[in-house]
Amino acid sequence: MSLILDTLSWALILGGSGFVLIGTLGLLRLPDVFTRLHGAGMTDTMGAGLLVLGMLLQSPDWLVAVKLVLIVVFLAFTSPMTSHALARAAILDGIKPWLRDSGKGGAQ
Amino acid sequence: MSPSTLMILALLLPLLAVGPIVLAGRYPNLREAVSLGTGGLLIAVVLGLLSHLADGIVPALELGQMLPGLALRLELEPLGMLFALVAAGLWPVTILYAIGYMRGHHEKNQTRFYAFFAVAISAAMGVALSGNMLTLFVFYEVLTICTFPLVTHAGTPEAKKAGRTYLGILIGTSILLQLLAIIATWSLAGTLDFAPGGILAGKVSGPLVGVLFALYVFGIGKAALMPFHRWLPAAMVAPTPVSALLHAVAVVKAGVFTVLKVTVYIFGIDLLAENAAADWLVWAAGFTIIAASVVALSKDNLKARLAYSTISQLSYVLLGAAILAPLSLMGAAIHIAAHALGKITLFFAAGAVMVASHKTEISQMAGIGRKMPWTMGAFAIGALSMIGLPPTAGFVSKWYVLSGALQSQQMVAVAVITLSTLLNAAYFLPILHSAFFGRAADDDHHHHGHGEAPLPSVLALCLTAAGTIALFVLPDQVLTLAGALLGGNP
Amino acid sequence: MIELLDIVILGMMVVAALAVLWLRDLFAVAMLSGAYSLMGATLYVLLDAVDVAFTEAAVGAGIATVLMLGTLTLVPRQEKPGKKPSLAGLFTVAATGSLLIWATLDMPEYGDPDAPIHHHVAPRYMKDSAAEVGPPNVVTSVLASYRGYDTLGETTVIFTAAIGVMALLARGRRRKP
Amino acid sequence: MKEKPILRVGTKFLIPFILMFALYVQFHGDFGPGGGFQAGVIFASAFVLYAIVFGIANARRALPAGIRRLLLSLGVLIYAGTGVLALVEGGRFLDYSALAAQPVLGQHLGIFLVEFGVGMTVFAAMTTIFFVFASRDPSAREQD
Amino acid sequence: MARTLSLIVLMLVLWLVMSGHGELWLLALGGASAVLVAWIARRLDSVDHEGHPLHLTWRGLGYWPWLAVEIVKANLDVARTILAGPDAVTPAVFTVKASQSDDLGRTIYANSITLTPGTVTMGVDDDGTLTIHALNAGAREGLETGDMDRRVRTLMGEA
Amino acid sequence: MEVPGLFNYWMAIVLMMAGLYTVIARGNLVKKLIGLGVFQISVFVLYITMGKIKDGTAPILPASGSAEGVVFSNPLPHVLILTAIVVGIATTALGLALVVRIHEAFGTIEEDDIQAIEESEA
Amino acid sequence: MDHTTLMFAAAAFALLVAMVMALVRALMGPTVYDRILAVNAFGTKTLLMIAVVGFLTERPEFLDIALVYALINFIGTVAVTKFVRYRSLGFPVGDNAEGEL
Amino acid sequence: MSGPLEHLPALAVVIPLMTAPVIVALRRPWAGWLLATLVSWASLAMSLLLLQQVLETGPFSYLMGGWAAPWGIEYRVDQLDAFVLVIVSAIASVVSVYARKSVEAEIEPDRQYLFYAMFVLCLCGLLGMAITGDAFNLFVFLEISSLSTYVLVGMGRDRRALTASLRYLILGTVGATFYVIGIGLAYMMTGTLNMADLAQRLPAMAHTSTVRAALAFLVVGIGLKMAAFPLHAWLPNAYTHAPSAAAALLAGTATKVSVYVFLRIVLGVFGATGLLTALPVTQVLMVLALAAMFICSAVAIWQPDLKRALAYSSVAQIGYILLGVALLSETGLAAGIVHLFNHAVMKSALFLALGAVALRVGSTRIDAMRGIGRKMPMTMAAVLVAGLSLIGVPLTVGFVSKWTLVEAALDDGMWPVAVLILASSLLAVAYVWRIVEAAWMAQPGPELAHVREAPTAMLLSIWVLAGASVWFGIDATRTLGVARLAAQTLLQGVAP
């Protein structure tokens, strides 16, 4: 049982770490703020979710588990709000999304 | 009344007069009556003290501690008695003179003048009655500050400038040098109480004594030893009664009085003699005497000439102290009184001339003796006293100083006294000559027709002139006091 | 691992601090200072100071940043360019820094259990607070009871700050014209 | 209000949880990290969020200056008052052991009270400071 | 009132699961806190159908798991794009129509879109038009099928 | 992986000096206040580092089980720094309030501009 | 190091790398929104880091801190966007005659 | 002492602390004033009782929360503490009476209650600093007093008050942070924060660079707070532009308490380490003190604004105090301590009087004050008295300080220092006399036509302090006696 749990957490945590890294990589590599948003959103959802799930399996008592769940729920709830707020603020501020066909906009 | 009560009274009487003076400000006659009355009472008090002293009682009184272990203390001794007598005696006379002068001159702020004058007298009493150096210093500074409004009485820019010089030198020297010396004395001797034979004896020796003595002598700026004499001529802008206060009644007398006190009761002449600590003062005082006389000679303004004369005369007292001979110390003490009487006469006369004829320059005064015979007569007596000729008090004091100098083989001092007598004569006699024998200039039509100054003023100056002569004729009391300074045997 | 975290976080803090010094966009500076507190808070967790981390996160990263932004709504957002580096400042900083570095030379090493501070006052807190005061969280015991008076002072400080801000900035009752 | 439903709905939903979390932190300072100060800040942050999303005017209506001022004062008074109470009960100032028959119970009560006072003051102080800043008119900047 | 009560209960549950301490004293505090929170929440107009969507509880059980699966799929998609490098992205901005009748529904829809990586809702108009930014143009087709829109409406009880 | 014995202290010092330099050398008042914050936080790091014991754990007694053999870090620096953080935020809040007022009164928050205005008045 | 510790160490390492990368983005900008996004992402990673460190040091009960981070991160970002968009955190204040004093 | 009086040390600080929230809750200016006044007088009464007690029984301590000393926070009251408490509460009492009229004129009605709250908090902070025996607790109260001071300064009418306040805030915070660093380093090497305990444990660690650096940081930190030359940059503007009542309170107390902290920490805590003589602490202190006395006095002479001149004079006077400390002898220390009191009295009197002038004339610039002596004779007479005291004329407190200080210098054979002390007081003559000449020796211009004498309550306060500066100058046995005892107690722990 313990072995299965441990293996599962390993997988989840590695996966979560992977998503976090990829998401952040996106934050670094993508061309403009709007596209980067997608990368950051990834960390919040998949990255955080998998990591927390991995930890959940290792949690010593249910108090810790509850708080882990609360964290991930809170993140899931606020992440779209912040992303939206950011995107909206950026677009209203006059920042044009970078588009492949127009070749305009993006990082100024 | 007990001596202690009398001492307190001597301090408080003039102060108590301030209130009524201010309250009576609107009624000049009442105001001046208060001043005069208090003056009379004060003389009575001082005479009462004198009688106690004559009975061999040394009144002493502790006013309470100011700093831990250091009290404000009053103690009467002969020298202080002498100074108290001079100050108390001349106060009502000066007031009398001022009644005439201030009204005749239409001065403003007369109430302030009388009030601060009273405070200054109180401070002078304090200086005279001080039982230790701290107390003396306290009253010395109070005297400086309460005379400041008197010096700047006119309120003109010139008066303000004079006030700055006055305060700068007096406060400056007293804080920087005198206070340092006092605290050093306290630190070295552990006491500041005046004691015959000095309190520093056995506590210090070597060059430190000389340094300390110099700190005292220069620190006592009121003694006007060069180079700290500038305040005295500057203060000439003040009204004449104030000049009288400065030159005769209180201020400069407090200065030389303090020097004598320090010499005798702090150091003791033995200590000074052993360490040759006062030799430099012979030279310094001698230089001041001569230099001030030369300057006086060059001044045409009468009050300025008198001012430099004062500087010169003060250094006689210092010289008397510096010679360190008992006789010259006696002479120095007597000179306090002698010079006070003589110089006040001269200033009164100069002021009277100013009030009556609006003349301030000597060169304008030809023939004035005939218009103001009483005034110029008194002036002549005062001038004689300054020169040191009989039958005036100046002769007595000079004589003692000179004898002391001869006794102790201080030839420098002898030479200085001789030379200065000649110089004194050189700057006073021409005034007398032109006043009585000169002819008034023709263009003087503006002010001709004037006569004597107002009666109270003339009365005052005649009184002091008489005093100058009286001191020559009846010097016993003064001699006794001065002799007691040195332990009772002149 | 904890040590690696420690080193890297401190490194990032240095970068952030220098960026705060360097950048002229005050807005970015405010954001970075928020991130700086966040890093500090993480460091506190690594150093076992969970209560401090909690507070630093809530205050330094939260309230302070929001206040900073509140200020930036009212003042210009760009720092004026062209300020020369201050030699006097460099000197002061170099002197202070060297003094501190010198001071560290005789210090007990990081985490040394034999350091004096672990042996004089603190042991009693760890040993007896549960019996004397009660709460399992020793920081709370010390904060509220052993050194409760400090905390009263702390509360007064925040009270002072609040009414101070009111005194300086708040507008009064609006009067009918 | 109509303008940004996403933030509005989300904020409305979140605020009770934030408040509850703050109270949890307030009352569990004995057991884990947290306590009056942190709780006060978190409690205040709920109002800050509300003010940012719904506008400062609404926030001030919901939490008027008078109440804030009262809480601000009351917190300090509760804290110091606990100390004085201990003093009246015969202990030293802030000696909670004097508050109850058993010292540890007294300590417990004392800590609870002072933490409560701290939380109250901090909450009121943080909201006050934020509200004052946010109510400042940005256009006042040109006046001399 | 029912909402307030349910909020109080919810808060109390939250307290219990976070606290882990069963002492009467703490329970009482929890109860008092829950009431206090409810009272403040009412003051802040937070206890209405938007702020405390009691009515969505049961239907949500069907929606959230579906959304989770969608999120995982989208994540893998985006991860692939990022790893492929900046050249692989084909950003696009487009609008879709949200057919929900109120703000709550639109919010849930918009947030669901944002929550799935690769698409971010940039704006919500009064008439329910959502402006979407997508990392890859391909996401457009996915949304325009209206699958998610429908599911949210189901969640809201509108369809 | 060993941390050199004084590494934390040194880094804290570097941070402090960065903050202090910002305070001294920067003319923008907001920047100065932020620098002040950086300075203070770095001092906090110094204190907290002081309280750390190697292989220690947070000074919270475990809810269950005995604390036997467990090493706890020193709680006292934590308490001190909690107080100091509060003081820090209080100072920052006041400072920012002053900056806002200064901007309204002078129209600038650059130190040298303000100085120029003040000197022209004096 | 047993393998669970190793597991969390790996996660911590990944998060650390991610934090550094986020910080780089925050420093690079170029727009304000990039910075906000980066700092927000940084915050998310930090809170995960706190959780992981809790497990790493075998005292996982301090997750409250992580919750606070999440909360503060959210409020901070909302405040920031509001600020950059409207240059104000709440003004105008409406007709409140009471004032603050 | 038993019964309620037993708790005096705590109550003396806590009562002002609790008054502030009450004032805020009541929100009425008059209530604020009344409470602030009552509480100041109550503190004064309590401080006097404490002083009496400490003189009778010697130093005693009060354990906050009942926790024994190094674990809990200890209030340790010795002669110096009690003396400083009396100074602070006495000045605050007098200023509080004065404040009503002045605040009415200078602060808008809505904010007045906040002013009084700040006033009380400032008092509380200063008292707390003076009485505490815990190094960190001192920091907390330092910040209470500092924060309230920043606000008090910032409430000044002139816009320069804002910049002054901010500058003070920045430098003050840097100073406080330095203090925290210093305490931290000392704590690190000893494990304790209790001052008595620190003093006991530091000598064993005195050889370490850490403790030495701690001393350096503490000196600089406290130096900033007490505006020791050359760290005084914040002071002149702060005092000049603060509201009158605040300026008087601060001038009389704020830097004084910081000096007290300096004495307590540097002599009381670090005295036994022998570092004061091993390192050139006293020499550096002496040079800086002398520089302050001369440079700042000279600067004061050229200031067109009198408040500013007096502010510079304050820096110079801090120099006197530090000089006494640097002599490290009983007399020197006593001179410094007694000057704490003396300077507080006279400088507060001056600031109060200038506040009255500001109220009536609207400016404290010297050219606006020509002839003011005729219009406000009582006020300006008080200025004269306090000014003379500043110079050090006999029968004033200034003389007492100067006397003791010079005595201390001469006891150590430091003649040049004695000369310099006296010489620097001549500079005071210059700046005081400028006031006297402007006030008394000029005719008032037409712009002063409507100027009247200050209100009675203000005059009363001014003259209480001016009178005190004469009273304690004539009989200095009490103040100097206490100062000497305090110096003895303080020096007991100082290694030769």
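So that you can tell them apart, the chains are marked A, B, C, D, E, F, G and H in the order they are listed, and the count of residues begins at 1 in each.
By definition in this document, a contact is a pair of C-beta atoms (placed from the backbone, for glycine too) under 8 Å apart; a residue touches a chain by one contact, two chains touch by 3 or more.
These figures come from a predicted structure and were not determined experimentally.
The set of chains touching chain F and also touching chain H is given as C, D, G. Taken together, chain E and chain H share the touching chains D. Centre-to-centre spacing of chain E and chain G amounts to 20 Å, using the average Cα coordinate of each chain. Centroids built from CA atoms put chain F at 23 Å from chain D.
With centres set at the average Cα position, the gap from chain A to chain C is 29 Å.
Taken residue by residue, chain F touches two or more other chains at 16, 20, 50, 57-58, 60, 63, 76-77, 80, 82-83, 86-87, 90-91, 93-94, 96-101, 103-105, whereas all remaining positions touch fewer.
Annotation for chain E: residues touching 2 or more other chains are 18, 110-111, 121. Across the assembly, chain D contributes residues 4, 6-7, 10, 13, 17, 21, 31-34, 37-38, 42, 45, 48, 72-73, 75-76, 80, 83, 93-94, 96, 122, 128-130, 132-136, 138, 140-141 that each touch 2 or more other chains.
Across the complex, chain H meets chain F through its residues 136, 139-140, 143, 147, 150-151, 154, 159-160, 162-163, 165-166, 169-170, 173-174, 176-177, 180-181, 184, 187-188, 193, 304.
Touching chain H in their complex are the following residues of chain G: 99, 101.
Put simply, chain H touches chain C in their complex at residues 17, 20-21, 24, 64-65, 67, 70-73, 108-111, 114-115, 117-118, 121, 124, 128, 134, 136-137, 140-141, 143-144, 147-148, 150-151, 154-155, 181, 185, 187-193, 201, 205, 208-214, 216-217. The touching residues of chain G, counted against chain D in their complex, run 61-62, 64-65, 67-68, 71-72, 75, 78-79, 82, 87-96, 98-101.
For chain C in complex with chain F, the touching residues are 1, 3-4, 6-7, 10-11, 13-14, 17-18, 20-21, 26, 29-30, 33, 36-37, 40, 43-44, 47-52, 55-56, 59-60, 63-64, 67-68, 70-72, 74-76, 79-80, 83, 85-86, 88-90, 92-94, 96-97, 100-101, 104-105, 107, 109-113, 115, 117-118, 121-122, 125-126, 130, 136-139, 142-143, 147, 150-151, 153-154, 157-158, 160-162, 164-165, 168-169.
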